[in-house]
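There are structures below to look over.
After this come two complexes, each holding subunit A, first together with subunit B and then together with subunit C.
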Partner chain A sequence: MKKQIAKYYPIIPVFAAYLVLFLIGRNVTGTWQLVAMLLFYCALGQAFNIFLGMTGYVDFGYVAFMGVGTYGMALSITRLANIEGLGAAVIAIGFLLALLMSTLLSLAVGAVALRLRGAYFAIATIGVNEGFRFLIEGARIWNGSEGLIFTAQLNQILGRETASALMTFWADIMVLIIAALAAFVTLFYMRSKIGYALTALREDEDAAKVMGINVTKFKIIAFVTSACFAGLVGAASWALKTPYVFPPEVFEIHYTIEAIIIVLLGGAGTLLGPVAGGLIYGISKYYLSIILPGFQLLIFAPIIILIIVLFPEGVIGMLKNRVKNSALARFII
Partner chain B sequence: MVFEQLSGNLIQGIVLGAIYGMATMGLSLIFGVLKVVNVGHGAFIMVGAFVTLWLFNALGISPIIAVPIAFGVGMGLGLIFYYTIMQRLLKAPELATLLATFAIGVLLEEIVKLIFGSEFRGYNWAVGKIGLGVTVLPLSKLYACIGSILVAALLYLWFKKTRAGSAVRSVVEDSEGARVCGVNVGGAYALSFALGIGLTVASGTLLTMFIPVGINPYMGGGYTLKAFVIAVLGGLASPYGAFFGGLVFGIIENGSYTLFALIPGVEPFALTRFLSFVMLLVILLIKPTGLLSGSGK
Partner chain C sequence: MALLTVENVTKRFGGLVAVNRVSFEIRQGEFIGIVGPNGSGKTTLFNVISGVYFPEEGKVTFDDIDITRLPPYKRAPLGIGRTFQIPRPFASATVRENIAVGAMFGSLSGKVSVDESLDIADKTIERVNLQEHREKPAGTLTPVEKKLMEIARALAMKPKLLLMDEAMAGMHPNDIDQMVSFIKRIAQEEKIAIVSMVEHIMRAVVGMAERVIVLHQGSKIVDAPTKEALEDPKVVEVYLGHPPEEK
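The block that comes next holds the complex of A and B.
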């Protein structure tokens, strides 16, 4: 029993980091917005890491899952607003719809693309976000390129005050919960057969196959899990915080780039990495946007290259090597 | 009426397709030789477009002269990126080169944005039009088409007739064997990478004839996607396959635009972009090594 619990020690520093963030945001006036942004980046990194970190595959269309998640929430609010007596259940239905839609899209993409190896997979994913955006715009699905605006419906469902509390505070708490959940699932996978299979295929896919591992199945598990969390992040952080959705915004490749930076900075495939990466990225982006508005990527693009060439393990990866034989090693993976 | 429109659009499609083909040859060349997927491909096309725009607006240099200049700029960029970054990553996992080329693309976009700003620009190179019965073709587009066929032919001759071309081909066949026979494999890698980038940047020049006011630091994204569709259509590792893939893609794109426009209540342009994504998935599902290439290679 003790051994079972000891397996989950590494979750402690992750949860501790989130708790500290929360306390700072609540108790230091004027920091909640920054904390909310950091939580968003940590959640994004935590979700993306499940796929990129654990499989070593890169999905350039990742933002598509956040986009459909946002649409899931938006559709639930706009379509169900006029049904009496649902109240806050509309939000819950929105999350379910976000989950469902990101699962379906990731299954459809994954079923095709995950049969392919490395480079071919990356090529297949590169158009997912654009493709989906142009489907919505081209076929005028869900109001096409005009998007959906649902501030009024949100006010109608929850009342003006609750709705505003949701947008400015509770949505961020939901992001926090999603980030923590994603971290827990990551650790759960790492400690189960799924994690071992994924590690094997990340290191050598052919060898893993020869050993009898159904590599496609495990890749799809990681892909869909990662996509589901992306959908939830989109629903909470985009649809609920800013109650509108426009296709060019929610399918913007920019967010895939940010997810890649965060995971690489922190260390791909580590549990604590996305938290470290999210904090470093979020804080530096926050200050860069004050010093150099609009040119954060000019700084971050060379940083990605530097990390890839010089420090492929990322911050936590290097820390992990440093504390290898100390008592800390049990907590940092 | 519809038939006339369709045949007119198909001619336009062939002309545009020749440019698409040339715009993809660099991608296929780099993948064929280095086994590196250049995810930042579109950004290099964008660089070519800006080089042309700047030469035309600031110095009054015609886009025809801009083609070799853009090619030179591309070769230079290719050599710089090869020796500073790509060379170190050849033995690294595939993930590293995917992310590195992606980051190079983002870096180029941001640098161009810093210099030129992010609004849409264009230039007007008026050299007249030519009537073809069912459609009217601006001469600038015709020149671009001829230019890209010429470049493709030159590349073919270079591969077949020169020592350097044979060296690159031998590396594609068997890099270890080539090394044993005294081929400078590292040099062949550098040359192919530079050549691939050079072709891509030069194709950006030709492409500007088709987008009168569509030059913008982020214009490359759409072309990256198209280039991948074309490359897998023609077999990812074959530059000539890519050229013919481009022709096929141009025809499909323009033909489908005419057909989508017949459906009421849709935006045909957006749907053609969606179609290219679907095509990519379908081709990868059926035959990832390319529909147009005969063998598995």
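The block that comes next holds the complex of A and C.
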């Protein structure tokens, strides 16, 4: 039993980091905005890492899952707001719908695109993201390019005060919980056959097949899990924090790129990596835009390149190798 | 009864016939050498047996199950293990984890937990004498160590049939002798049928195989007990060309 618990020690630094973030945000005046942004980036990295980090496949259409998650929450609020007696359950239904929609989309995309490898997979996923956006706009699904705005419905369901508290505080707490859950699932996968299968197929897919691993099955497991968390992040961080959704915003490839950078900065396939990556990325982005407004990207790009060159396995990947033979090795993976 | 039956198997790549109507049988626990010069179709034949390619014609049966068109990942649980000519370790994973993967998804698939697989890995590591490399990433091993690790990984699958692709290529003769006696011992202890593919290290074939199948340009030209096969004039001709005309 003790051995089983010891397997989950690496979750401690992850949860500790989230706790410290939370405490700073609550106790230092004026930092909650920054903390909320950092939590968003950590959650994004943590969710994407389950697919990108564990399988080595680069999904350039990842933001699409956040997009449909956002729509899931938006649809629940706009369509169910007038039903008496549902109240806050609309939010819960929104999360379920976000899960359902991101699962369905990832299954559909995964079943086709995961047969492709490398650059072909990446290109196919960009296509899915753009295609889905134009489908919503062109076919005028879910109000098309006019999007959905649901501040009024949110106020109606929860009352003005609660709705405002949801947007400014509770939505961020939900993101925090999603990030923590994603980290836990990552570690659970790492410790189970799924993790071993994913490592094997990431390193050598053909050898993995001959070793008896149903690579398609395991890729789809990672893909769908990762997409589900993206859907939840979209529902919490985008739909609840800013109660509107427009297709060009939620299918913006920029967020996919940010997610890739966060995962690679921190260390792809490591548990603590997305936290480190999210913090480094978020903090430098935030302060650079204050110190050097307008020039932040010019400075930001070289910093990212420098980190990637110095630590090709990511910051945590490097740290993991450093502490290999010390007592810390049990905590940092 | 035959463990593996290959019947009239043909595999083409476009106009090239890589394997041409090849048939043979392997019994349980038997030790077979497949020899042939470069390009004779050995690796393709291995890939057909392990499921990397499906043949255009013919039938492959393993343990009374028709596996001709079975995907490779379904063959491993039946008891087919293989090693690769150029070792293909899961580089970032440790030696122990690599071997545990074999235990997890081989013929014990679904019957062992992760912890039990790691225990099997530890035992297998001892058998191949890689204890000191247990926690090293497999990518950092030397080529010979990688070969040993691959053999250990395949053994952890508890196969009934082990396909070894040039297991001794690039090894020092002393290492070859050691490896030969090791593999022989394991095969006897665990009743594993072994098909060892060899291009030209006859030392390995003579030392282990009970029977030798010789391939030449995709066809089987000889299938006989080792000594007999290697002295067959057709085999000599394939390897050395025509004997000079006597004057």
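Operating definition for what follows: the second predicted complex is superposed on the first by the 313 of 333 C-alpha atoms of A that agree within 3 Å, B and C clash if a C-alpha of one lies under 4 Å from a C-alpha of the other, contacts with A are read in each partner's own complex, and residues count from 1 in each chain.
Here is the rule we go by: contacts are C-beta pairs under 8 Å (C-beta built on N, C-alpha and C of every residue); 3 or more make two chains touch, one makes a residue touch a chain.
For clarity, every value in this text was computed on a predicted model and none was experimentally measured.
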Of the two partner chains, subunit B (first) and subunit C (second), which one does A:260 touch, if any: first, second, both, or neither?
-> first
Counting only touches as set out at the top, which of subunit B and subunit C does A:214 meet: first, second, both, neither?
-> second
Is A:192 touching the first partner subunit B, the second partner subunit C, both, or neither of them?
-> second
Tell me which partner A:5 touches in the superposition: subunit B (first), subunit C (second), both or neither.
-> neither
Which of subunit B and subunit C A:206 touches, first, second, both or neither = second
Given the touch rule stated above, what does A:290 touch, subunit B (first), subunit C (second), both, or neither?
-> neither
Which partner, once the models are overlaid, touches more of subunit A's residues, subunit C or subunit B?
-> B
Could you look at A:327 and tell me whether it touches subunit B, subunit C, both or neither (first, second, both, neither)?
-> neither
Residue ranges of subunit A touching subunit B (in the complex, touch as defined) = 52, 56-58, 60, 109, 112-113, 115-116, 118-120, 122-124, 126-128, 130-131, 134-135, 137-140, 144-145, 253, 257, 260, 264, 268, 295, 297-298, 300-302, 304-305, 308-309, 312
As the complex stands, subunit A meets subunit C at residues 3, 191-193, 196-197, 199-200, 202-204, 206-215, 269
Touching residues (chain side subunit C, partner subunit A) in the complex = 50-52, 71-77, 82, 84, 88-93, 97, 100-102, 104-106, 109, 114-115, 117, 153, 157
Okay, in this complex, where on subunit B does subunit A touch?
-> 31, 35, 37, 39, 85, 88-89, 92-96, 98-100, 102-104, 106-107, 109-111, 113-114, 221-222, 224-225, 228-229, 231-232, 236, 260, 265-271, 273-274, 276-278, 280-281, 284-285, 288
